[in-house]
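Take a look at the structures below.
In the two complexes below, chain A is the common chain; its partner is chain B in one and chain C in the other.
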Partner chain A sequence: MLRAPRAFPYRLLLPAVVAMLAVVLFPLLYNFYLAFRNMSLYHYADHRFVGLTQFRQLFSQPILYVLFGKSLLWTALNLFFHVAIGLFLAILLTGPIKGRAFYRTVFILPWAMPQYISALTWRGMFNYEYGAVNLILQRLHLPAVPWLTDQVWAFLAPVIVNIWLGFPFMMIVCLGALSAIPRDLYEAADLDGANAWQKFRNVTWPQILPVLTPAVLLGTIWTFNNMVVIWLVSQGGQPADQTHIMVSYIYKVAFTYYRYSYAAAFSVIVFLILLGFVLFTLRRAAPLEART
Partner chain B sequence: MPTVELIHVSKSYGRGARAVDDVNLEIRDGEFLVLVGPSGCGKSTVLRMVAGLEEVTEGQVKIGPRVVNEVPPKDRDIAMVFQNYALYPHMTVYENMAFGLKRRKLPEPEVDRKVRGAAKTLGLEGYLQRRPRELSGGERQRVALGRAMVRDPQVFLFDEPLSNLDAKLRVQMRAEIKRLHRRVSATMIYVTHDQVEAMTLGDRIAVLKGGVLQQVADPFALYQRPANQFVAGFIGSPPINFFDATVSPAGDRIEAHGVAVPLPAALAARLEPVRGRAVTVGVRPEDLALSADGPGAALDGTVEVLEPLGNEVLVHWQTPVGALISRVPGQSAPGVGEQGRLHFLYVKLHFFDPQTEKALDGAAVAV
Partner chain C sequence: MTGAGRARRRMVGVLKHAFLALFALATVYPILQIVAVSLRPADRLYSTSLALIPKDATLRAYHAILFEKDFLLWMRNSFVVSLAVTLLGVTLASTAAYAFSRFRFPGWREGLYSFLLTQLFPPTMLMLPLYVLMRALHLLDTFTGLAVAYTATALPFCVWTMRGYYDTIPVELEQAALIDGCGPWAAFTRVTLPLAAPALAITALFSFMAAWSEYPVARIIIHRQELYTLPLGLESLAGVFQTEWANYAAGSLFVCVPVMALFVVLNRWLVSGLALGGVKG
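After this line comes the complex of A and B, so read on.
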């Protein structure tokens, strides 16, 4: 028999529901609302509905495509090195070495540090004249690098910082996956006459792939939307807004140039890109899970 | 000429105790040798040293005429079947079997011929394009067998290959391994903790305990003339009965817990060296007969528990010498609580030194 739902449990849920609505749903909907209006410093109080004007403007300017490219490059470079370094170190750490616990702790440190502290410290180290990086390069008789002033180097500097920040996560994931590989697979490979590379190709890699794939998917989304590092290291896109990815540019446009509706429309595009990515990969990841 | 020879082989890990202690063992060409013992007895370690997956701490391992201590596993001309199959999960059955051959740079048609040949023998022809996860445990272990077969090795090594299978499948695979042995007539070394597997498969059985070899013998000798109390207790199910007794000073009877059993002259002569001393007597459950009178010694007992097995019943007795188990045909089983007189044949009695636990006279004392 159905009974009338009791109100008390719902009253208990209410604060959480209100908070979620206020900080997640409302800003999202308000962002969509703004994207179709012309709110900016000029039209702060008197903004009005302008339809697809903001989007039309965005798609007609090269900045969207340039930044999309940079976001992709930023994500790809980061993820590649996160996985490569993380996996490499994880394999070293699963091997027969002394002081395993010590190294593991040391390698996790970058990840354990708050991002903004690392980012600002690195920015100091990238200083052309007094930064540790250039001082070391000069000790090695290498030319000093204009880390923060040349547009290519100024983009690579935050990439390096973010790689440094992110590889421990992949290392931990790989360590877990590696320790779950049955030892007898390697022994069977030994008996089959496989060398180190063939063992990696035929045992290690296929065994860690199911674990690595979701980690890479997550990492892609985090990195694509991670503006903290690039913003702090390049000090808001210096030189001359050349070192932006999409999200950091949106932040600058909104809160430095006060082009709220333009930024909101840009956000909607980023949102749709990531939504598409997630839907696409979820469909591909499902069969992968079934395999394990 | 022995195919595999272990000469004073020991293995220790770090500074710890020896996992394998001074094992000497010859496995003849074409022989099926089973290494058996309780878990942790070092049997797998011995096998893995033959395979080259564990380093030999002391002694020599020889395969054929050469010492292989320093030879990597792939160059030892061996194949191994693992307990957990150790199939490459992302490869098909075909690829799993072909992997080792391809690493050895065999020409493609040759690989194909061998893989298909092994698949045919093992009834795996329909499974070649499947992956291991699509197979049952028994099928997976057959693939693992196939992977070993295609290599045509001099020596097959099995590390508890049937432990993960259910009872029925185990019997089936046991027969399959036996057939394989007959057909390829290669040397096989097989590790198990299951004494039934050991008895049914082995030409000879090596019993290990605590890293020390206890006895190497064929199944009948092992059962009928165990070298010590451990082997006597380990082989046979239900296990052999032990009870403490004393040989009378005159040597004409044994006394146990107030019961005196007269000994025939021939047996008394055999027990001459231990006159007046304590012995441990072993008697197998099937050698205890329930009858009002009969040959041999007798003990009075009370039935405590019955374990019917269908064709026969295991009867747990309480007797003056302690608890004993006898095995009787189903129809002649007594009821719980009943009294009965148990006879055992002198010829079937085993005597052990209670201190060393070694069999007196090196084997069962027979009349």
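After this line comes the complex of A and C, so read on.
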């Protein structure tokens, strides 16, 4: 700790705090305010207080529950494959293997690419007749898939894109964690005659878990809130708004259908879901100060 | 080691390499695909060929994107907005993060947690109110509006990563400066800040990149075509699978290649930066 006049840290904080109040806190409070009103295209200037009407409407319609399910599915599928692929590649690339530097560079590329370009490019590749994905499937004598027009495939297409662009982050995290494991732990396991699976289960996994857990927590929130990929690959939810997760649907409802207060109320619900998830997880993990 | 053991090890090695090579191909394929499309002549966009260098390859699209489309204008717009966000974000964050790193004060914990809390908000929870407020303040279709919206997301990230880096700089250096008669402000600006230069650079780079590639906020705030940023402009080209497709691909490459090169160069730094700022907490 540094000794300084008591006001000094507050002075350092002042500019950032003022900015945060203006561009983050005030808009957030305004979002809560909107959630209890009836602002929409028809009531833009003359919106009024309607209490819990928006929430009542949301909870009484199936769309909220359907989208919640899709958000969960989206997040679970992505996180599972991000971690599985990332960890597997990291393990392969940790041992002495030819071309390690080359592979590490190649596997980081999807992360380096701006998300919107990845999404737009993949959308072209998913085109039914001229897209590379179907052309490759046909060369392999597999049937062409209606990637962008069938509602199930149109949901899986963005999942594939997001897995492609998300695994490098987990790979980097795992590579860092793996390189920090002391080698003598493996030597001791070898002496005990452990096989490869036992070494993974009893040495590698417990050693990387403390690093992997916060990364997965962050990844869960990012993925749950990521609408760019779904939005651009499915062109705003096509076919017929069937491919949305919660956040992309809110975006559509707000900025295409102009149902502002309905969207604001929906955002509040998503926020509460995420808050609940994080509080639940943090209670089990070590608190912030313990690690600083 | 027995002969069978050696054979088995070689098998595993071959399998490993086969898997890595296949996966590497799948990883770079979409990028190669952009290259292939960008080289296609206009009459061959509807092609069922999988060749990476198409027949009659042409640089026509590169010429078109640079001299016939508004690409350079989009790039300028993106540059102006991203630069403003970066300067604002890093300046505000460098002092606030320092306070969080070097001092404990009432509200320290709450302040720090509140920066983390911003990561929890669904993006629409900021976008919608900002949109409504900006509409009232006539900030729609202005770079100011866009920069303000981006700063809201960039600032917490900048504070968090900067604090992580300050924490690694020994506080004794400033204590020595204070004993030598420096004021706390001078100790900060003359001792710590120069040492934190690499973190400043990385934080600046990341907030620049975030603004440079942002799409959903730009789409709701900017509608006039002459104010389009790169993501809006490129999306307008990719909107239809037709003649513009090659131009889109060429433009994307101009945007991607420098970014990816930078990422590869900063690869190492990235890992430690992530570990320090993001994960360690």
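The rule is short, and it goes like this: the second predicted complex is superposed on the first by the 271 of 292 C-alpha atoms of A that agree within 3 Å, B and C clash if a C-alpha of one lies under 4 Å from a C-alpha of the other, contacts with A are read in each partner's own complex, and residues count from 1 in each chain.
Following the convention adopted for this analysis, contacts are C-beta pairs under 8 Å (C-beta built on N, C-alpha and C of every residue); 3 or more make two chains touch, one makes a residue touch a chain.
Being a predicted model, the structure only gives us computed values, none of them experimental.
Student: Taking the superposition on A as described, I'd like to know which of chain B and chain C A:Gly193 touches: first, second, both or neither.
Tutor: The first partner, chain B, only.
Student: Looking only at contacts as defined up top, I'd like to know whether chain B or chain C touches more of chain A.
Tutor: C
Student: Between chain B (first) and chain C (second), which does A:Ala112 come into contact with in this model arrangement: first, second, both, or neither?
Tutor: It touches chain C, and chain B stays clear.
Student: Quick check on the superposed pair: does A:Ile181 touch chain B, chain C, both, or neither? Answer first, second, both or neither.
Tutor: After superposing on A, A:Ile181 lies clear of both chain B and chain C.
Student: May I ask you to decide whether A:Val203 touches chain B, chain C, both, or neither, giving the answer as first, second, both or neither?
Tutor: After superposition on chain A, A:Val203 lies in contact with chain B alone.
Student: Touching chain B and also chain C: which chain A residues?
Tutor: Touching chain B and chain C on chain A: residues 291.
Student: Going by the contact rule set out above, which residues of chain A touch chain B in the complex?
Tutor: These residues of chain A touch chain B: 182, 184-185, 187-194, 198, 202-203, 206-207, 291.
Student: Along chain C, where are the residues that touch chain A in the complex?
Tutor: Interface residues on the chain C side: 13, 16-17, 19-20, 23-24, 26-31, 33-34, 37, 45-48, 50, 88, 91-93, 95-96, 98-100, 102-105, 109, 111-114, 118-133, 148-149, 151-152, 155-156, 159, 167, 171, 174-175, 178, 184-185, 187-188, 212-213, 215-216, 219-220, 231, 234-235, 238, 241, 245, 248-249, 252, 255-256, 259-260, 262-264, 267, 270-271, 274-275, 278-281.
Student: Please give the residue numbers of chain B that touch chain A in the complex, ascending.
Tutor: 51-53, 72-74, 78-80, 82-84, 86-91, 99-100, 103-104, 133, 147
Student: In their complex, what parts of chain A are in touch with chain C?
Tutor: Its residues touching chain C are 1-6, 8-10, 12-13, 15-17, 19-20, 23-24, 26-28, 30-31, 34, 39, 89, 92-93, 97-99, 103-118, 120-125, 127, 129-130, 132, 135-136, 139, 164, 172-173, 175-176, 211, 214-215, 218, 221, 225, 227-228, 231-232, 246-247, 250-251, 254-255, 260, 263-264, 266-268, 270-271, 274-275, 278, 288-289, 291-292.
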